[in-house]
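Every chain is named by a letter (A, B, C, D, E, F, G, H, I, J, K, L, M and N) in the order it is written, and numbering of its residues begins at 1.
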Amino acid sequence: MDNTSAIAITSIIMAGFTTGIGTMLPAIAEGKAVATALSSLAQQPDASSTITRTLFVGLAMIESTAIYCFVVSMILIFANPFWNHIIAK
Amino acid sequence: MDNTSAIAITSIIMAGFTTGIGTMLPAIAEGKAVATALSSLAQQPDASSTITRTLFVGLAMIESTAIYCFVVSMILIFANPFWNHIIAK
Amino acid sequence: MDNTSAIAITSIIMAGFTTGIGTMLPAIAEGKAVATALSSLAQQPDASSTITRTLFVGLAMIESTAIYCFVVSMILIFANPFWNHIIAK
Amino acid sequence: MDNTSAIAITSIIMAGFTTGIGTMLPAIAEGKAVATALSSLAQQPDASSTITRTLFVGLAMIESTAIYCFVVSMILIFANPFWNHIIAK
Amino acid sequence: MDNTSAIAITSIIMAGFTTGIGTMLPAIAEGKAVATALSSLAQQPDASSTITRTLFVGLAMIESTAIYCFVVSMILIFANPFWNHIIAK
Amino acid sequence: MDNTSAIAITSIIMAGFTTGIGTMLPAIAEGKAVATALSSLAQQPDASSTITRTLFVGLAMIESTAIYCFVVSMILIFANPFWNHIIAK
Amino acid sequence: MDNTSAIAITSIIMAGFTTGIGTMLPAIAEGKAVATALSSLAQQPDASSTITRTLFVGLAMIESTAIYCFVVSMILIFANPFWNHIIAK
Amino acid sequence: MDNTSAIAITSIIMAGFTTGIGTMLPAIAEGKAVATALSSLAQQPDASSTITRTLFVGLAMIESTAIYCFVVSMILIFANPFWNHIIAK
Amino acid sequence: MDNTSAIAITSIIMAGFTTGIGTMLPAIAEGKAVATALSSLAQQPDASSTITRTLFVGLAMIESTAIYCFVVSMILIFANPFWNHIIAK
Amino acid sequence: MDNTSAIAITSIIMAGFTTGIGTMLPAIAEGKAVATALSSLAQQPDASSTITRTLFVGLAMIESTAIYCFVVSMILIFANPFWNHIIAK
Amino acid sequence: MDNTSAIAITSIIMAGFTTGIGTMLPAIAEGKAVATALSSLAQQPDASSTITRTLFVGLAMIESTAIYCFVVSMILIFANPFWNHIIAK
Amino acid sequence: MDNTSAIAITSIIMAGFTTGIGTMLPAIAEGKAVATALSSLAQQPDASSTITRTLFVGLAMIESTAIYCFVVSMILIFANPFWNHIIAK
Amino acid sequence: MDNTSAIAITSIIMAGFTTGIGTMLPAIAEGKAVATALSSLAQQPDASSTITRTLFVGLAMIESTAIYCFVVSMILIFANPFWNHIIAK
Amino acid sequence: MDNTSAIAITSIIMAGFTTGIGTMLPAIAEGKAVATALSSLAQQPDASSTITRTLFVGLAMIESTAIYCFVVSMILIFANPFWNHIIAK
């Protein structure tokens, strides 16, 4: 396996791994936040505007960690400096 | 194993891995959100419109992480820049 | 092992892996949703129409992640671009 | 080990793996659903028709993920395109 | 190790693995269902006919996933198409 | 290691593995069922005949999965078709 | 390592493994059953005869799975057909 | 490594493994049984004779699985038929 | 594989690993904090300003650990001193 | 590595492993038993003599499984028949 | 792979590993502390000054363990004595 | 690696392993016992003498399993019969 | 890889590992202690001085185990006797 | 790798491993003990002297297991008999 292929393969593996593994727990965390929001709504319907606002801010924070992973995957596939260095050589 | 095959094989492995692993926990998170929605509905039937609206927004957020994984798999199978580079060579 | 076989073998492995692993947790999530639906029905029989409707929407969302996995498996077995490229060569 | 054997062996392994692993958690999910149905029946005997109907729909959905796995196993044993390609050669 | 032996060995391994692993969680699921049935009977003795009927339907569904595994094992030992192909050759 | 030995060794390994692993969780499931039966008896002594009858049916179902494993082990040790094929040759 | 030794070694390994692993969870299951029996006795001393009778039947069922493992170990050490075949040769 | 040593080494490994692993969970099970006995005694001091009698029977059953493991270890160290066969040769 | 490639590959692997693994648990922690905030809001709507202020400070602290990981990944991809040393040579 | 060393090394490894692993869970079990004894004493100070007596019998039973492991370690270090056989040769 | 590269690669791996792994659980711990602070605020709004002060001291202590990891990573990347020794040679 | 070194290395590894692994769970067990003692003291301050006495006996029993591990480590470092045999040779 | 490099690499690996792994659980323990302190403050604001004093003593004890790990890492990087011995040679 | 280096490397690895792994669970145990002490103080402020005294004795016992690990690490780094034997040779 020559150098070009080795770097290509590693990039493919890590792109899949980073997204596949790294978005798992944000999903769980969002599920937990949504579930608590729903039971809070059932318990205190009058506070629904505060609850949904806080929920959306929280979901945005959690989603950000999933997006870090997705960004790293996209960098590895489409803007990989090591790959560019190798194929430029 | 020549370079072309090695990249093809890696892409196949990561496509399956990313989808197979990465959609597992979003499913759990959705199950948790749906389950809480159901018990909230049983507890407070009057708030059903707020609850189902919040549920659908939450499910969409959670589904998005599963879709990141599916997108990475599809990119690896059908729009893989490393594969295109190799077979163009 | 020549290239053709290597790709065939990898496709077989990942087809089985993706479906075998990736449908496990959606099943659990559906089990959780159904279980909560049942206890909600026992607790609030009057809301049965809302509960079953929300349950079916939720099950459809969860089933979708299992179907992503099944689709990737079927693509790997019956519409694999890497395999087509190799045997076309 | 020649190519024919390698593909045969891989198919055997994945057929067993997919069914052996992939039917485990649907079984758990069904156990959970049945268990909740039983305790719901004990709690609210009057709703038994709604409960058992919802239970059977739910079991069918869960069983479907186990059946995906079984179908992939059967495809790998009896309708494997890679094996057909090799032995046709 | 020649091809015949390799396939025989793989079949033995997967036959044991599929049954040994795949019947574990159905057993747990049945244990859970039976346990809930018993505590439901203790709680609501009057509903015993509905409870035991639902229990037996549920056990049959769960047992089916264990039987899928056992069937795959038996196919691998006594009706293995790959083995038949090899020893016919 | 010649072929005969390899098959013998594999059969020994899988015989032990299948029984050793596969009977673990049925034991747990039976323990759970028995434990619930005992606490149900303590809670509702009048229903003892229904409870013990349901318990024994349940234990039989659970024991069946342990017996599948034991049967596969015995087949691998005393009625192994691959071994018979090899030593007949 | 010649064939005789390989089979001897495998038999030793699996004998220890099957007993060492396979008796672990029956022990836990018995501990659970005994513990529930004790708390049931504390809760309902009048039902002590029914409780201890059911406990002993349950312990016998659970012990049976541990005994399957011990039997397989003893077969592998003292009545191993593969070992007999090899040393008879 | 000659055959004699290989069998000696395997016996040493499995003797330690079987006892080291196999006595772990019986210890936990006994701890659980003793703990429940103590809290039952605190709850119902009048039933102390029935409780301690049941406790000792239960501990004996659980201890038996630990003893199976210890017996297999002792057989492997001091009455190993494979070792006797090798050094008799 | 020459030195340049080896360092490139290692950097790619660790960039993906650090972000993929290291942002998982901060996501969970944020999910937990958001969930508790929501149930606290439902329980004590009057304290909403204190609660949301404390929540945002806490989320910032937790997010900081995810950002450490993202920073290390970015250093490894775009400001790696070892890579600079090698390609400067 | 000659035979003498190999057996010495294996004995050292298993001596440490058996004690290091095998005494872990008895410690947990004793901790659990002691903890329950303490809370039982707090709940029912009048039964302190029965509780401490039962506690000490239970601790002795649990300690026995830790001692099995320690005994096997000591046999492997100071009374190892395989080592004696080798150095006698 | 020459010595310089080997040390560079090891440093990269451990820098990512130490930060990626070592900041995970501090994040969880902070999440737990923040969550408890929020529910304490909801329960006792009058003590908010004491609670937030204690929270910030606690977060600082926990953050310190994450910072140890980040410091070790930075030392390995930018102030590594082994790397300096090698490239000075 | 000659025999002397191999035995030295194995002894070092097992000395660290036995102490590092084997003292972990006794620490947990002691933590549990101490924690229960503290909550028992808070619940029943009058029984403090009985509680602390039972606590210290229990801690001594648990500490004994940690000490077995430490003793084995010390034997392996300072009184290792295999090492003595090798360096005496 | 020569001896100097091997020792350098091992030191780097263990420095990262010891800090990365060893500070994880102290962080969790501190999080737990802080969380309990916060809920205790909410429950009993009058005892705040005793609670915070005990908290800080406890945090110091827990932090000490994290510091042991950090100390070992620093010794391995900056005061490593084996490294000094090698480079002095 | 010569013998001297091999022993040095092993000592480094085990020193880091023993401290890194072995101080983790004592930290957790101390966290648990401190947490229970805090909630006991909140529940029963009058018993604060007995509680803190018992807490400090308990922390000392738990810390002792962490110190065993630290001692073994220090022996392996600064007073290692195997290293002394090798470099004396």
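Note that in this section contacts are C-beta pairs under 8 Å (C-beta built on N, C-alpha and C of every residue); 3 or more make two chains touch, one makes a residue touch a chain.
Quantities reported herein were computed from a predicted structural model and do not represent experimental measurements.
Participant: Using the touch definition from the top, list the chains contacting both chain B and chain D.
Facilitator: C
Participant: For chain G and chain L, what's the span in angstrom between their mean Cα positions?
Facilitator: Each chain's C-alpha centroid was found; their separation is 30 Å.
Participant: Return the distance between the CA-based centres of chain D and chain M, expressed in whole Å.
Facilitator: Whole-Å distance between the two chain centres: 47.
Participant: On a C-alpha centroid basis, what's the spacing between chain D and chain E, in Å?
Facilitator: Centres of chain D and chain E (C-alpha means) sit 11 Å apart.
Participant: If a residue has to touch 2 or more other chains to count, which residues of chain J qualify?
Facilitator: Residue numbers touching two or more other chains: 1, 11, 13, 15, 17, 19, 21, 24-26, 28, 30-33, 35-37, 39, 41, 43, 55, 59, 66, 73.
Participant: When you draw the chains as points and link the ones that touch, which shape shows up: line, ring, star, complete, or other?
Facilitator: ring
Participant: Can you list the ring's chains in order, from chain L toward chain N?
Facilitator: Sequence of chains in the ring starting at chain L, next chain N: L, N, M, K, I, A, B, C, D, E, F, G, H, J.
Participant: Which residues of chain L touch chain N in their complex?
Facilitator: 1-2, 4-5, 8-9, 11-13, 15-17, 19-21, 23-39, 41-43, 45, 48, 52, 55, 59, 63, 66, 70, 73, 77-78, 83, 87
Participant: Would you mind writing out the residues of chain A in touch with chain I in their complex?
Facilitator: 1, 3, 6-7, 10-11, 13-15, 17-19, 21-22, 24-26, 28-33, 35-37, 39-41, 43-44, 46-47, 50-51, 54-55, 57-59, 61-62, 64-66, 68-69, 72-73, 75-76, 80-82, 85-86
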